[in-house]
Amino acid sequence: MSLTSEQVNKIAHLARLGIDAGDVDAYARDLSGILDLVAQLDAQHTDQVLPMAHPLDQAQRLRPDVVTEENQRELFQALAPQVEEGLYLVPKVIE
Amino acid sequence: MHNKTIAELARGLRGGEYSSRELTGVFLGRIQRHQDLNCYITVAEVQALEAADRADAQLAGGKAGPLTGIPIAQKDIFCSRGIKTSCGSKMLDNFISPYDATVVEKFHSAGAVLLGKLNMDEFAMGSSNETSYYGVVKNPWNLDAVPGGSSGVSAAAVAARLAPGATGTDTGGSIRQPAAFCGITGMKPTYGRVSRYGMIAFASSLDQGGPMTRSAEDAALMLQVMAGFDAKDSTSVDRPLPDYTTGLDDDLRGLKIGLPREFFGAGLNSEVAARIEAAVDEYRRLGAEVKELSMPSLQLSVPVYYVIAPAECSANLSRYDGVRYGYRCADPADLTDLYTRSRGEAFGAEVKRRILIGTYALSAGYYDAYYLKAQKVRRLISEEFQRAFAEVDVLMGPVTPTTAFGIGEKTADPIEMYLSDIYTIAVNLAGLPAVSIPAGFVEDKPVGLQIIGDYFTEAKLLNIAHRYQQVTDWHGRIPQGYE
Amino acid sequence: MQWETVIGLEIHAQLATRSKIFSGASTAYGAAPNTQACAIDLGMPGVLPVLNEQAVRMAVKFGMAIEAEIAPYSVFARKNYFYPDLPKGYQISQFELPIVGNGHLDILLDGEIKRIGVTRAHLEEDAGKSLHEDFHGLTGVDLNRAGTPLLEIVSEPDMRSAKEAVAYMKKLHALVRYLEICDGNMQEGSFRCDANVSVRPAGQQEFGTRTEIKNLNSFRFVEKAINFEVERQIDVLESGGVVVQETRLYDSARDETRPMRSKEEANDYRYFPDPDLLPVVVEDALKEAVKAELPELPDAKRERFKSQYGQDQDNASALTASRELADYFEALVQESGCDAKLCSNWVMGELAGALNRNALEITASPIGHERLAGLLQRIADNTISGKIAKQVFEEMWQGDATADAIIEAKGLRQITDSGAIEKIIDQVIADNPGQVKQYLGGKDKLFGFFVGQVMKATQGKANPAEVNKMLKEKLR
């Protein structure tokens, strides 16, 4: 299964991942190699098999509806690249 | 002092032979002297000495626990409050964690001393510690060889006596393989046994944190602290914690060991195979029965893993977008540019490869063929293990097909790297516990023996490992230059 | 060409839990930016979600109220896309296995009941808010809202007009408030509506291409937006064009819909089950507990008001539009001991009028049911006439005096004493001989004049019934 450069660029955009134009072909080759590896799964019969999302056969635990977190804005925003008036700033979003 | 095990050090501390401050000082000194090994991203000298002093007070007051005053190093994947937590990546190079991972908190509560944060493959993706933003780490046994990955540094640090014990994480073998390459003991517990809260996620349904130490006894001491139910982790199991330290000496007569044929096929280096067989013979002498079995679905574990792990990681890593923390590119032109360039500039090639593959596997039209299919085969693999455990108590085999390969040797072809995960990956897919223990050397490089158990049999696995360590001394060897 | 409109609504109701769906941060509205966004809400490295029990209970409660299947086993899935108000780069939602399955809601329109199907309802987390007002060319992001639990309620495309859509939305709005799972505050964004609209030639089986109009936050806008969109689509089709499947926004200032700029590419959400969460199992014990908590639902209450209080369909519907209003009415009947019709007239009349004029909800009414009960009792026992009562009501609205206090203070007691009334009537007749002659000569309309004169002489306090009776006798 081989991926084209165009496909790689499309996937990179979906993942918002910048890749250098010069590396696209290399990624295409690597990814195609992985997909070849993965193609081995095709031969396996799995029609009646249920997918396994977790090794655990447990149900989701429920948490009581209580407020347990207090305001730690200063602590968290000390890590932010750009903050003003308590808001995280990003390039303007056009709707 | 640096050659003593955690168990020995604990006895020494409680007996008043030395203080935690002295002990911590010894390790801090060694870390400084062996900086060229590139193990530590952050040495937490101030916090370590403060913790040592607190521990000494506890010891004086007779209120010490098994790990009070013991220096431990944490893989830089565990969030540590007030201390840089980089996950081996440029993306988090500026990230000072605002909170402690549950595992880190547990060690603090147990009175352990945090020496610092260990280098690792970027976002835990890699099998050689060649993908870290902070540079390659060498194997103390052979400085031209890799220590393994992604917890390669945790293994190297313990082997080089730069910490008596370290934490690692294992998603596809990342504790066991480096433990094998560096001649130490490493355990991946049952999925859900150790809390993942604060353990930066790679592949959520596969990741588990575990101890990396010089002996099974030490691993038991560390696991005792690390394991346990955590309400903050929905995948954590609410199941009573046994005492991992009793029962280590239990007799192994009648133990049934299974050897999957598929672990001994082509691709396994013959000398490594010989060491494994010798180890198995040792168990026969200890009274175990050995039988061969066939587990054909094991062969599919690599393709299954290389769909599921990247798929989960592609979503887990979407949060690294330069908005609230972490790396942000300079002068983004617009929102798309902010995302694309921040992520493009801060993630390494291996991480990008996995994000791309994962994104592809989940994308429209491919979900059924890849992700869903892989999850189904995953169940087949898990069921096959269950059938095996109906016949035997544990499975044994190699951890890696060869000893530690050379730095740079495998980076050209990522696929080759992936194939060397063949012995370890199935265990993560099924969520089973497994341990790697030193079983000899080939050309002066360590070989690891893997022991795989059924769910929640960590105590048994540690017992089985410990008994071997009582009749052999591979685990006591020291790499040249680090005595 | 006859066109048929097809409408489906997707409604996001913010569940009224105290804490977020996956974290213990508060959901209270109006806090300073990012003061209610904890590490989990911010998508910090290493954090994990844990599910809020109350969110599950509320979803189950809703499912039961619409007679839907409650999935015994449901799964959370990641919906992957990049946006600044989505901290993790994915929203935790439900995809293939939602917690609530097929149900229905009956709407009453023009006297007829129509059943609107509900395809499903699922739990998900809300995103934060982007503020586009200038931060020197940048957008500010507030993540307080990120992680607030939402119940997304998806209807079948069963509605055939904007009016039906509004009726459904209003019914749903009332229901979630009845159930106390959502405060329904549309201005604050607790109840948001997206409309899927398409048209097709009447009689055609296949649906036409639909567009989605996002974020309609008032009943009025929903109706206007749908109407505009229907017209627009018909225009497009009638002039030979095709309707483009797209997402549109409603511009209330211009009363038109327009395409959203950022949606040029269809999003590939790459849904997959969230590996940090385990499947949600709804045990029978939980279902029993929730069932026991179910209040009397709007339809049942409406029917009961018809039979118990003799209300007609319209009145009963109006009185049961909100639980608070229905409770007020019942308390009023209880406390006053008066005829239900008198009570409903006053609640739907004077009280509703005053509340509307002052833009108040029943819960903020300055006149509580105890005080109003006091007023109605004075009407019922003839102490004052209905007309005078309205004056008293206005006085009561301004302060907190009882009806009795006001009647006493202003001397508003009705004059019922026939002797007194007779005297006044005699006076009026004596003072207006011309009109008397005209009336007796056949000008029946003048009766009202005499009534008016008597009322004027008594400052409106004469008992109207007595006045009428006596005047008729005297003017023979």
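Chains: A, B and C, in written order; residue numbering restarts at 1 for each.
We adopt the following convention: a contact is a pair of C-beta atoms (placed from the backbone, for glycine too) under 8 Å apart; a residue touches a chain by one contact, two chains touch by 3 or more.
All figures in this text were calculated on a predicted structure; none of them were measured in a lab.
Taking the mean Cα position of each chain as its centre, B sits at the greatest distance from chain C.
Centrality by Cα centroid goes to chain A. As a whole-number value, the distance joining the C-alpha centres of chain B and chain C reads 57 Å. Taking each chain's centre as the average of its CA atoms, chain A and chain B sit 23 Å apart. The centroid of the Cα atoms in chain A and the matching centroid in chain C are 40 Å apart. Residues of chain A in contact with at least two other chains: 14, 16, 53-54, 56, 58, 60-61, 63, 72, 76, 82, 88, 90-93. Of all residues in chain C, those that touch two or more other chains are 39, 42, 44, 50-51, 82, 84, 141, 143, 268, 270, 275, 277-278.
For chain B, residues that reach two or more other chains under the stated contact definition are 95, 98, 205, 231, 234-235, 318, 321, 323-325, 335, 339, 359, 363.
Listed in rising order, the residues of chain C touching chain A in the complex are 17-19, 23-26, 32-39, 42, 44, 50-56, 75-76, 82-84, 130-132, 135, 137-143, 249, 260-262, 268, 270, 273, 275, 277-281. Those residues of chain B lying in contact with chain A across their complex are 94-96, 98, 190-192, 205, 231, 234-235, 237-238, 299-300, 302-304, 306-307, 314, 318, 321-326, 328, 332-341, 343-345, 347, 349, 352-353, 355-357, 359-361, 363, 369-370, 372-380, 382, 413-415, 418, 430-432, 455. Put simply, chain B touches chain C in their complex at residues 78-79, 85, 87, 92, 95, 97-99, 101, 196-201, 203-205, 231-235, 311-312, 315, 317-321, 323-325, 335, 339, 359, 362-364, 367, 371.
Against chain B, in their complex, chain A makes its touches with residues 3, 7-8, 11-20, 23, 27, 30-31, 33-35, 37-42, 44, 46, 49-56, 58, 60-61, 63, 72, 75-76, 78-82, 88, 90-93.
Within the complex formed with chain C, the residues of chain A that make contact are 14, 16, 53-54, 56, 58-69, 71-73, 76-77, 82, 84-95.
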